[in-house]
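Heads up, there are several structures right after this.
Common to both upcoming complexes is chain A, partnered first by chain B, then by chain C.
Let's look at the complex of A and B:
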């Protein structure tokens, strides 16, 4: 029993780390650009399919990532520049941005289906085998997923905290007009943030593909989950999303173990609802 | 130094500024007076690149700036200080100041500018590690001004620097503004109903319903009893 519990906890923390990485991207977009990006899940899928294509050339994991990461960044930046930015001039652009990113999501997902078909694709395993520490058995793949996700997050947090660009991103998030006043090129920051968040969620698509496969409409589940995580963490709060992702990752693992994974979202919404009743602003309702 | 020529500005269908022309020469301290909601702030926002004019030209040092994004204008040495401050609430006072020197020309002189600004505003020196959101109204206004000074500006457009301050603090702020001007920074202030400005201003403009209705120096404004009473509170 205790062994099983520990396994479930480990699995929850592993998946939580990937959710955290993806939710940070979501919190970043919302916190900085105030856009509710409905196409977020489609970038998750895009990561998986891009990797699938490059693996087709018999490349290893590192070269594939070296190609996929910049491609995702450009796709995200392009979305901001060509699709969202032109809307900003108009009143009520937030609603228009929701509609247009929803349209983009439908377009991309159907495009994936046309190109790759509706059957799921799989990516090669990152690692195989198990790691025994005492009586606890870790899958090497889970450990690798955890390490990669956590490293990406930490690198990104250090980048935000220590660099000039990071400072500019934080300034735009806290007061966009203030950022313009001090001479921060806000459009560049918006484009950058969209690019980075596409990388964060797309990497999630690659890390989870060996477990959950890549399918044309697989991004919707992730979009909903990223929303629940950011809402639980406090809209726009990066640190809040981090906690929320681990909490919900562990909830998912326990619910999956006890009742089956179909109940995951049900349990998530229950946790979200109860938290929001007590703390309407989420766990940490401001930029953290 | 700054030439605003026949500028029209609209919010959607609604025209706010009509053929506004304002000139500020190097070293001057010019005050733009006028009632609330008649377009003074809109003019400042248009000058600093946060709004674009529907017609007309704006030149800074002879170069057209009316189609440039705000960050390019800051780089050229023109800084705007908003009436509603727009500080970064969850950053320390120090980080706010450092961000004030974000543009590439100011970045190299950060330490020198910081020393100068903290000398000018000793109160901020005591609060360097506090979040900007914890400052009092007066301190926040000082920080907005100080953050603007960090930008290495040669020209500053300041929107109602004395708004909401007690008469004592107001005097402090005007002394500091005078000091900034004496250091060679050209200033365009928006104010209303503040008699103190007469002592420091070189020239005045009056804006009513989006039109410039008066232009003149301190002497000529002192002769005009209507303006004196209505817009300077004297």
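Let's look at the complex of A and C:
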């Protein structure tokens, strides 16, 4: 019993780490650019499919990542530059941004289906085998997923706090007009943020592919999950998303173990609703 | 209150659309395929218009409209099958069930803002499918995964509507949608409509003048859900079968396309959007999977280059162009200085 509980907890933390990485990307976009990106799930799938294509050339994991990461970054930046930025001059641009990213998701997901077909694609596993520590058995793949996700997040946090570009991003998030006045190129920061978030969620797509496979419309589930996580953490709060991702990852593992994974979203929404009744702005969120 | 120019235009356009619709069967009554498409257009027009009422006019960002449509449809189908009430009452009860659900969903939503409201309403949509398939759903009579296969059709006296003669369901759809659209027209042109505009432009100021946003927003939640549910019930009795597959993303996205095509917050844009979108969709049917790819591109281009939709093209909003507003701004400054 205790062993089983420990296994469930470990799997919850593993999945939570990937969720955290993806939710941080969403919190970043929302916090900095105030855009609700509905095509976020499509970038998750894009990561999986791009990796699938490059693996087709018999490349190893590292060369594939070296190709996929810049491609995702450019895709995200292009999205901001060509379809979100022109909307900003309108009055009701937040709503328009939602509509246009929905249109983008519709376009991308159906494009994936046309190109790759409706059947799921799988990526080669990163590692196989198990790791025994005492009586606890870890799957090496889970450990690898956890380590990769945590290191990406760690690198990202250092980048945000320690580099000039990172500080520019934070400045724009806190006060867009003020940041513009002191000479921070707002548009470049917005494009950059979209690019980084596409990389974060696309990496999630690659990390989770050995477990959940890649399918044309698989991104919607991820969009909703990332949305619930950021809402629970407080829209736009990166630290809040981090906590929320681990909480909900563990909730998912326990609910999946006791009742089956179809009830995951029910449980998540229940947790979210209870939290929102007590704190309408989420765990660490502020209105504004 | 007299009719303003804008209201007259809207009413005339609606009248013109419905005159054409009433005469349509003269031309195509023999063609069941076309008649079916027209009925489909009318059904989605009401759902899109009710969505536009809450999102485009009241400015509440909700994604639950398809869910309310499905709640109305299943509610009516289950009631008519188990209790045996007339489908006409089923339409009313389906609408009322959806309306009550709308109020229940609206209550927590009104404490929240923007993207949170969208999430909570979308959550209703997302969990409806597993609920309908679950054992709880099956006990109520949702039919589980296969859905409900035989839903009693509407009838007048002894005559039962059938798929062989689509004239009676067509005119029922015309009347139902006309009533729904007139309700929506009435709401957006009443004091409510004014309250919404005031709340949208400056919530704090409107509140300070005594505009109670909670009451208006909650009622609009209920009414738009009622309309979607009622037309959902009509859909159930017209098509004759229901499954949770209708909650797939295709329909949700197509409705979104209708709003974008017609122009959000531009009455009766949703109706025009519905007819254009369904027609284009039917014309593009031979392209199969490419159809939705093209729809995605259409949405992106429309939002970028025609943000007011087709309705904005027909009736451009006067005095709203940035240049005019700039002119007004400088003129008012000039006046205060002299």
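Quick note on the criterion: the second predicted complex is superposed on the first by the 285 of 288 C-alpha atoms of A that agree within 3 Å, B and C clash if a C-alpha of one lies under 4 Å from a C-alpha of the other, contacts with A are read in each partner's own complex, and residues count from 1 in each chain.
Rule of thumb we're sticking to: contacts are C-beta pairs under 8 Å (C-beta built on N, C-alpha and C of every residue); 3 or more make two chains touch, one makes a residue touch a chain.
The shown structure was predicted, so the numbers you read here are calculated from the model rather than taken from an experiment.
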{"item": "Chain C versus chain B, contacts on chain A by residue", "value": "C"}
{"item": "Which of chain B and chain C A:24 touches, first, second, both or neither", "value": "neither"}
{"item": "Touched partner set for A:262, first chain B, second chain C, both or neither", "value": "second"}
{"item": "First, second, both or neither for A:180, with chain B first and chain C second", "value": "first"}
{"item": "Touched partner set for A:170, first chain B, second chain C, both or neither", "value": "first"}
{"item": "Contacts of A:108 with chain B and chain C, given as first, second, both or neither", "value": "second"}
{"item": "First, second, both or neither for A:84, with chain B first and chain C second", "value": "neither"}
{"item": "Common ground on chain A, meaning residues reached by chain C in one complex and by chain B in the other", "value": "287"}
{"item": "List of chain C residues in touch with chain A within their complex", "value": "55, 61, 108, 111-116, 118-120, 122-123, 126-127, 130, 249, 253, 256-257, 259-260, 264, 289-290, 292-293, 295-300, 303-304, 307"}
{"item": "Chain C partner contacts - residues on chain A that touch it in the complex", "value": "30, 36, 83, 86-87, 90, 94-96, 98-100, 102-108, 110-111, 113-114, 217, 220, 224, 227-228, 231, 235, 262-263, 265-266, 269, 272-273, 276-277, 280, 287"}
{"item": "Of chain B, residues touching chain A in the complex", "value": "12, 48, 50, 69-71, 74-75, 79-82, 85-91, 95, 98-103, 147-148, 151"}
{"item": "Chain B-touching residues of chain A, taken from the complex the two chains share", "value": "91, 164, 167-168, 170-171, 174-175, 177-187, 286-287"}
